[in-house]
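Look at the two complexes coming up: chain A is in both, with chain B in one and chain C in the other.
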Partner chain A sequence: MADDKDVLRDVWFGRIPTCFTLYQDEITEREAEPFYLLLPRMSYLTLVTDKVKKHFLKVMKAEDVEEMWFDFEGTSLKWHYPIGLLFDLHASNTALPWNITVHFKNFPERDLLHCPSNSVIEAHFMSSIKEADALKHKSQVINDMQKKDHKQLWMGLQNDKFDQFWAMNRKLMEYPTEEGGFRYIPFRIYLTMSDRPFIQKLFRPISPDGHTHTLGDLLKEVYPVAISNDDESKRYQVVIHGIEPLLETPLQWLSEHLSHPDNFLHISVIPAPSD
Partner chain B sequence: MSDNAESLTETQKDEPSTPQQPTEDSGTADEKKKIDVLLKAVGDTPIMKTKKWSVEKGRTVQSLSQFISRFLKMEANEQLFIYVNQSFSPSPDQEVGVLFECFGSDGKLVLHYCKSQAWG
Partner chain C sequence: MVVGVGDGVRGTHREMSSCFLDEETFCQCCQLFLQHSHSLCDGWSWQQVKGSEEGYLRKTTLGTGRTRCNQDQQGTSSDQHQERTFSLSFHDDDDDDDGAVCCIQEESSSVVQYEYHILYSCSYQTPVLYFRASTLEGRSLCLEEVWDSVHPNYRQRLQHRPWDTITQQEHPLLGQSFFVLHPCRTEEFMKPVLKAALEEHRQVNYIVTWLSVVGPVVGLDVPLSYCTQVPEPPHTPSSSPQPPALGTKPG
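What follows is the complex of A and B.
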């Protein structure tokens, strides 16, 4: 299964070329140049943008600087969503680089959570992993791990260390052979045209009669709108890590190989581009 | 089971409305539905006199947390930690309806609350 391990690496090392521009109304002492950065799809904005902050602080007075936050075309970007998800959901069919606007004032309390330190990101990340394992293994695997093992997962993410991360994460991807898969698949389906943040439900990877559930089966069950009829042109794209997996792909395989480091499958359903 | 579950919204008649009320905009019957939440105190955190609440599905964890803090008359600087399954802390913007669907049992969602970090 050498190919499958390659998928894990490809997912981990996915990057999005991004251009950060300071919001025009921010008060600066001189002109602020845009800042270019390759953002890791699998990380979080506040974890990887220290350089961005340092760059813009060079042209600003300390008293004009509050908590940094980002927007894309007017949409506040939630730092607690993985970067790749934010891009797929909001900027999939726009030209690269991804143009993000940087703010240091008027934090949008209604839209965004505060992120005062990296320990907040760590707590959020670990909670997501725990929630995913509650679904996959009734929390048995994560609870059997020691505190230092949990720390290794976080350090692997924070320091972009694939081997360090997967040495631990592979345990979270195991399951009893006789089961054929996890108990339930941790997934979230995000919709651009909806009020609700995302769809998350209980869904088994294998049906009671042993039938392997696919991505298509999942969508048919929880969001049938996403799958167009044969005679209609495709209205929506179902995107994971910037690609559209075939609907026939087994959900268990997707969960093991295309999950984010938080062990969730984050799936974007976006309008298909009109020609 | 629900006859002694008080409605979260009714007790807030005299309090300012909580910041996040996603159900105000949406009019679908699905989101107006309520789920039963059972609140359990951890450690030496004060126990709520009323433990069973009927909460709108679209209510967020943060909104519920603020409600508990006010009910317990906690100080502004005191933190409250909420746990599901005694294992993870849901994101503040998570909807209780989703948590109920995935982690509810016997027709209710059990949430543990604590003034300090109980399960890391």
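What follows is the complex of A and C.
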């Protein structure tokens, strides 16, 4: 059990070394140096890049600055996805540091959500938690919490306070013993080679005859493409928090320990590197 | 003498264990809805997701909207007071500033294209209304402008209940940005309607009922004939209190 708590910490404190470079067509008064930052996997881009903005604003005129947004190798990065998910999905098999391009113009309206303030991030985060609880507990646990408890979840994330966050989040990870697990597992499987951004379906952690469902069971049911046959070489990697969990791992355990702070299991299916 | 269960009680009072909708019933309701739409030339269509049985209803309309944000159009206005849009304040203590800070321009009435999608949410087991709006030049309307098109009667209510509100979200099937009316309170207004219909042995098409409540909030009209002409699909929502969940199929 002590090992399991370590997993929670390891997930929370995961970091990605990132290099932010200003887009070459942005108008600057002098040359902009790149900016290096360790990004927390479990947070959101717009929540942790104030320093990035301040850095580049030093060499730009106010009138040339609109809403900041980011791209990686031409793909605009969705701030409402956790940082770790964005990395696993787009840059898993590239060399570190993660090279992100910074923009202050030509915001891609169709593709990116606007993020005018932190309260938008908070609303999005709480909305995900609420949805996860709708799946796990028919919203009973989240609705029983008070407003200050919700605030504690958000503040824990915003200020990188593991203990403060988990003091409240552990309630969302409980379930009636006789059930053996949550009602449904909150998960999303993200695909890179599809128009569809992700797959999300109802899936129980325990079958009616008491059989514990694994990650492999989930994939077989919901996205069988991800699992190769024994004789084939592996075409895809199934990645959560930068690792490939064994397909035999119980889904309930994954949900309790490898979820993001928003209580969702964000799973990336990416092409396996060919070397 | 054998006394059966429910003897003396007319019919079966099925427990209103849920006013929720399973996905199959959602699709059936949509198909019936669609048939009526075709007869009215009301503009709805069904969009199927490639390689799956999932899909959604879609409709575009033209209307007038009050637009204010004037993002960079080439040499549109020589107005000296034209501010850049979205002057972003990245203040950490910006608790109550929820909306985008748009430039303060004169409001003008212009033609706006609205696009409405009705999707199914498996998390909430209800339909969800997604929509977006753009000018004929292709400029997307911002949240402020969308708020302006919400009927004043609804605006106050929406603004004061955080989870009853309009927010920008990613469309789960297309990955693009849309505005959404949050679905978590759907139960509150659907439950009494479904209960009454059940007791009075009336037909109710979930989509018609639901849309006639949420549609008008965002400028989407549902002609009255939908309510009288569109039937219920063969299985009512309350007959399947638990949606058919994956992971329960034999083998």
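Following the convention adopted for this analysis, the second predicted complex is superposed on the first by the 275 of 275 C-alpha atoms of A that agree within 3 Å, B and C clash if a C-alpha of one lies under 4 Å from a C-alpha of the other, contacts with A are read in each partner's own complex, and residues count from 1 in each chain.
Operating definition for what follows: a contact is a pair of C-beta atoms (placed from the backbone, for glycine too) under 8 Å apart; a residue touches a chain by one contact, two chains touch by 3 or more.
What you see is a predicted model; the values in this text were computed from it and never measured.
Aligning the two structures on chain A places chain B and chain C in a clash.
When the two structures are aligned on the shared chain, A:T249 is found in touch with neither chain B nor chain C.
By the touch criterion defined above, A:H213 lies against chain C but remains apart from chain B after alignment on the C-alpha atoms of chain A.
In the superposition on chain A, A:H80 makes contact with both chain B and chain C.
In the superposition on chain A, A:E67 makes contact with chain C only, not with chain B.
Legend: residue contacts after superposition of the two complexes on their common chain; A:Q164 is shown touching neither chain B nor chain C. Counting the residues of chain A touched by each of chain B and chain C gives the higher count for C.
Contact with both chain B and chain C is seen for A:L202 once the two complexes are overlaid on the shared chain. Applying the stated contact rule after C-alpha superposition, one finds that A:T28 touches neither chain B nor chain C. When the shared chain is aligned, no partner comes close enough to touch A:S92: not chain B, not chain C. Shared contact residues of chain A with chain B and chain C: 80, 109-110, 113, 123-124, 127, 130-131, 134-135, 139, 184, 195-198, 200-202.
Residue ranges of chain A in contact with chain C, taken from their complex: 50, 53, 63, 65-68, 78, 80, 107, 109-114, 116-120, 123-124, 127, 130-131, 134-135, 139, 184, 186, 195-198, 200-204, 207-208, 213, 217-218, 221-222.
Looking at the complex, you find that chain A touches chain B at residues 80, 109-110, 113, 123-124, 126-128, 130-131, 134-135, 139, 142-143, 147, 150, 184, 195-198, 200-202. Contact residues of chain B toward chain A in the complex are 19-20, 22, 25-26, 31, 58, 84-85, 87-93, 95, 98, 101-103, 120. Residues 49-50, 84-86, 88-92, 94-101, 122-124, 139-140, 142-143, 162-163, 167-170, 172-177, 182, 184, 243, 245-249 of chain C are the ones that touch chain A when the two sit in their complex.
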